[in-house]
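Labels A, B, C and D are assigned to the chains in the order they are written; within every chain, residues are numbered from 1.
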Amino acid sequence: MIIVTRVNATNAMIDRIREHVESRGARSYSVARGDRVVIGCLGDVEELLPAAVLALPGVENVTAWRTPYRLASPALAPAGGRTAVRIGDGARAVVGGAELLVVAGPCAVEGREMLRETALAVRRAGAGALRGGAFKPRTSPYTFQGLEEEGLRLLAECRRETGLPVVTEVMDPRHVEIVAEHADVLQVGARNMQNFPLLREVGRVRRPVLLKRGMSATITELLLAAEYVLAAGNPDVMLCERGIRTFETATRNTLDVAAIAVLHRETHLPVIVDPSHAAGRADLVTPLACAALAAGADGLIVEVHPRPDTARSDGEQSLSPPQFDELMRIVRPFVAAAGRRLSGSPGAPLQEGRAA
Amino acid sequence: MIIVTRVNATNAMIDRIREHVESRGARSYSVARGDRVVIGCLGDVEELLPAAVLALPGVENVTAWRTPYRLASPALAPAGGRTAVRIGDGARAVVGGAELLVVAGPCAVEGREMLRETALAVRRAGAGALRGGAFKPRTSPYTFQGLEEEGLRLLAECRRETGLPVVTEVMDPRHVEIVAEHADVLQVGARNMQNFPLLREVGRVRRPVLLKRGMSATITELLLAAEYVLAAGNPDVMLCERGIRTFETATRNTLDVAAIAVLHRETHLPVIVDPSHAAGRADLVTPLACAALAAGADGLIVEVHPRPDTARSDGEQSLSPPQFDELMRIVRPFVAAAGRRLSGSPGAPLQEGRAA
Amino acid sequence: MIIVTRVNATNAMIDRIREHVESRGARSYSVARGDRVVIGCLGDVEELLPAAVLALPGVENVTAWRTPYRLASPALAPAGGRTAVRIGDGARAVVGGAELLVVAGPCAVEGREMLRETALAVRRAGAGALRGGAFKPRTSPYTFQGLEEEGLRLLAECRRETGLPVVTEVMDPRHVEIVAEHADVLQVGARNMQNFPLLREVGRVRRPVLLKRGMSATITELLLAAEYVLAAGNPDVMLCERGIRTFETATRNTLDVAAIAVLHRETHLPVIVDPSHAAGRADLVTPLACAALAAGADGLIVEVHPRPDTARSDGEQSLSPPQFDELMRIVRPFVAAAGRRLSGSPGAPLQEGRAA
Amino acid sequence: MIIVTRVNATNAMIDRIREHVESRGARSYSVARGDRVVIGCLGDVEELLPAAVLALPGVENVTAWRTPYRLASPALAPAGGRTAVRIGDGARAVVGGAELLVVAGPCAVEGREMLRETALAVRRAGAGALRGGAFKPRTSPYTFQGLEEEGLRLLAECRRETGLPVVTEVMDPRHVEIVAEHADVLQVGARNMQNFPLLREVGRVRRPVLLKRGMSATITELLLAAEYVLAAGNPDVMLCERGIRTFETATRNTLDVAAIAVLHRETHLPVIVDPSHAAGRADLVTPLACAALAAGADGLIVEVHPRPDTARSDGEQSLSPPQFDELMRIVRPFVAAAGRRLSGSPGAPLQEGRAA
């Protein structure tokens, strides 16, 4: 049930409405909408009679939820219409609204030096955050599975040096706490989009979550997965389109560029696009990045490796630092055409003291 | 077999090489490539021995075809690397190279007035060509199948008035001649991408062909379909990405935006994108159009109807004239960001004499 | 509109009802249903007022069509509930009802001897009809396109010798007449499922049609394609499930075995399965054939070639005659378990006079 | 590396070979193959030089792995060629080989009575094991998530009464231990096929695992997921085909019946089919079950609910007990045609003492 208050509803009226709702076993969420307040009611609402609610002072109307997801629904969008997720200490980077974030870095953290080298290069080129996998989901049990906790420590160390907030994947609900200690954004991978125990666990921490769309997940399923995180208490969810599985084999996945526009209509959460996993090959990453921005993406997450041909994973789709420079150069006019500006790192050289 | 000549090969040497090839039952196609000439050999080439060809004066090297398609292959790209297709009498519009063409108009020609109204509106907004179906492929035999020949006549009449070249679909090999009489571009629809008798027939006329990708056709299959047209003698083929069929139901089809970039690597033919059929709903057409341009599309083909809610087909995905105006307004910065300029109609008011 | 008559409706009443319908511009189709008659009304039925029809003597009730297809709808099923299509002079073979037809033969007719050898082998093993392509739809213009009219003559010759009715593909509406002269069944291939001019043309001849499902066609689209043939006047349509295109690459296509069962609920037309094109590899043809029969298929169409490794097309999925013998041996218990019997050729040796 | 020993290799020789392998950091797995022994080597085998191994006494040949999975590979099939997984105390039921297991029961355990009623009904009809979800993966956080531990206790109680081994899903690595305490088979659901921490955890317990194919997982990915479980030490893995996601919407998923036959070529692990989730509607479950058996499935897992229209999940695809009786009646001739016999419960009435 969604309750919209009258223009002249007082705070006392609004409190009274929420009290009424909660005393009947529902949870209530409220957002300002111009001169009114929208109150979304969740949970066991069978005892919540619309007629009774309508009779409360200050209530203008009462409607049913139009979507199976609730907190992700446009009905509960914050003022301005869209959620902007702030990342890192001091909210160094922002995803959503006028700002557009480029996250870049290696598929996997392979060691201190390669991570540092990549971070400095992507920062210089204009990336606002660093990605890097410490726990890697790998199709085969016999391939490199990541440096695990050592990888997390290297990421945190790299953030201290470069100032770039860090995005890294968590796969196991038992690791959420430790990953949250070291990282600024917890990434839930495509294979875990419907790993519900994991979603609930990342919903309990105070770190933004980057939720990737499953390989064959519908947009509605993606939003319901986001709802698991939101309902567990974490409001900072960024959605990530990374290509869906189709019959076409020229690319690793098919980037569903329309999903960006659909999501902007169906939710207030920001949308990041991963052109690297969609393409599966380095030469297509830049055109896909441009397409994503033109379709309205709020951010990009791009794989960059200092020497792609020696990468321990995803080398074919990783850009070298000069290739990433070129991506940023080509992408900038499209950022402007989309009426956005890059968020986070100004691409300026590091200050002496900070790089120490 | 692909033959590359030496820098100093004379015309006589080149003639001699082609003679050698043709006398052994193959056909030869040659294009200039800087200081050299590339000669592609097709057909029954078993008797064409590489060693014998290599021994001919002026031959630098001989390689096997890397792709199953030949005339569509980048190996036979014209000077400049890409084919630019000229459309209409006096080549009013160009697709490919620096120019980007927007084709717009109704799904089906429903009558003189609605066609004229649409044509004038899209011309004013900046479209360079008019689309409109006279023969309509319809899933059900009981729905409107188009005005057929009457529709063709209305299109031709509208071209005379507005100066916009006309794109229309042909479905039946027996209609190719009459459609070619009235239209500037013959469209082969997605359902007919592998209608080989039709492809051969449109390959025999002197009209550019717009070949739409089949709903579940791979990129290679699309290029082999184009090869049917090219091999039949028609060099003016434009490819059209219009979305592929996937599990996602939020859109009618999934626009495979990566296909644009893949095609630009795998062929010299230009690529037009149809955001209307990909989206299946009007509110997504503009973001898909922007994404297509950012990914490198050489043109757009957009459905516009004066009153979409009364359209006899595809009303949900048709833009009204004001919506198309807005699309053009939003699209222009992306055209510029892509380093292109709009081709065809200048959007200027018609001259008195012409509109009479 | 579907009209059901009362139990005691007289022939005169029924004639009167149909007259009423047709005089208002609709076409009417009637089938007996126990003690009643069902009259399906097609075409421009806006002037057909339900109330007026209900008031006619002998009318029990009037309902709207539940499906977008009409003549293919279960509402117009013949007595017994399912259409049995009779094939060949003297209806040598039957598809549907208690009989189950196995069609076998080469992908393409490559010559007189190989066709004869295959026909005799499959007849001996229990096939009831012969398949063989004369006009071949090929993805590339540079591969073998069939023997065309010569192929048709060889098929007709082979029928005279073996008594096996002949199934062959037609791709071009201009060839329908000549193919119908030589063949017993006109096959419309997957790529032409929505080639509407072709569907209309095969709808005008007196030969059963085998309509293959398009690679990415939904079941409803298949039935609407069948409706084109039925509406053009040909009641003898057999549907063919041959696998759909999915992401899985272990097989050429994914056999949609559920489609058989869905079709048996959604139409009265018989369903044949092509395990060869679904599998794309010979070693999977037999298990897919068994699965198809167990799911209720009314027939099989299987590619058999005397020497698959030298076949000019589809060699990897063709069975050798001994492999086809084994398929028939393995399949027979499933035919029995499904409560069916094989139709057509008894597998008996040819009589002296006939084989001459 | 795969090592095949000579016919006359002694046990001492074989021990020596394995010692050689393991001392170089690899793990070795051996299976008898007629008169020879096959030794599969896994892990860090770079130091394992083929020439050195070939020189060892008793070695016949050394080959590289042909597949990315190892323990699941046919190269390591047990004697007889296929793994038969024994289920329940005293190995009440067997999956694989000549025996074919039908698992049946509700989607979710909703309470003691409904579970007992279902178990008795499916046992009577011939099912050999009971399914029932205690922890339910649900697309929305707001729908019934299962009775959790209480559900596990009810399942164990029901097994004691009926003698049917129990199959139930585990979603969280932290629950593996408690689920293994109560259940006979741990099911890993389609959404968790690539939940690698979970796969490793179920690989560490002594309970057979039923691993469902992900909605868009290739067959190779399914086998690599199985490899995670095998490599962690659990040899008892059953694979489950349950339909893949495609464009077709007439069914919930598309049953990939060819996957059964492909898996029988690519692995020695048994294959169970879930026709309920493939169909998504009760009326298609029986034909899909028949098709699966005809294609070679080693078992079925079917949803049965005493009153499907009141089920708290998956009611549309659940059979009522009489419908399940009919499924078993229709399926039996196909079991026989496939040369199999039903495993587990004889369908006999319970003995007095046991049912008390």
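Basically, a residue touches a chain if its C-beta (ideal position, glycine included) is under 8 Å from a C-beta of that chain, and two chains touch if they have at least 3 such contacts.
What you are looking at is a predicted structure, and each value in this text was computed from that prediction instead of being measured.
Peer 1: Strictly by the touch rule at the top, which chains does chain B share as contacts with chain C?
Peer 2: Common contact partners of chain B and chain C, which must touch each of the two, are A, D.
Peer 1: Could you find the chain whose CA centre sits the greatest distance from that of chain A?
Peer 2: Result for the farthest chain: C.
Peer 1: If you average the CA atoms of chain C and of chain D, how far apart do the two points sit, in angstrom?
Peer 2: That gives a centre separation of 38 Å.
Peer 1: Averaged over CA atoms, how far is the centre of chain A from the centre of chain C? Could you give it in whole Å?
Peer 2: Inter-chain centre distance comes to 51 Å.
Peer 1: Indicate the residues of chain A shared as contacts by at least two other chains.
Peer 2: Each of 216, 245-247, 249 in chain A touches at least two other chains.
Peer 1: Given the complex with chain C, which residues does chain D contribute to the contact?
Peer 2: Those residues of chain D that touch chain C are 216, 218-220, 244, 246-251, 254-262, 265, 278-279, 283-284, 287-288, 290-296, 333-334, 336-337.
Peer 1: Hey, which residues of chain C end up touching chain A in the complex?
Peer 2: Chain C residues touching chain A: 245-247, 249.
Peer 1: Which stretch or stretches of chain D touch chain A in the complex?
Peer 2: Residues in contact with chain A: 42-43, 68-70, 137-142, 171-174, 191-192, 194-197, 214-216, 221, 224, 227-228, 231-232, 245.
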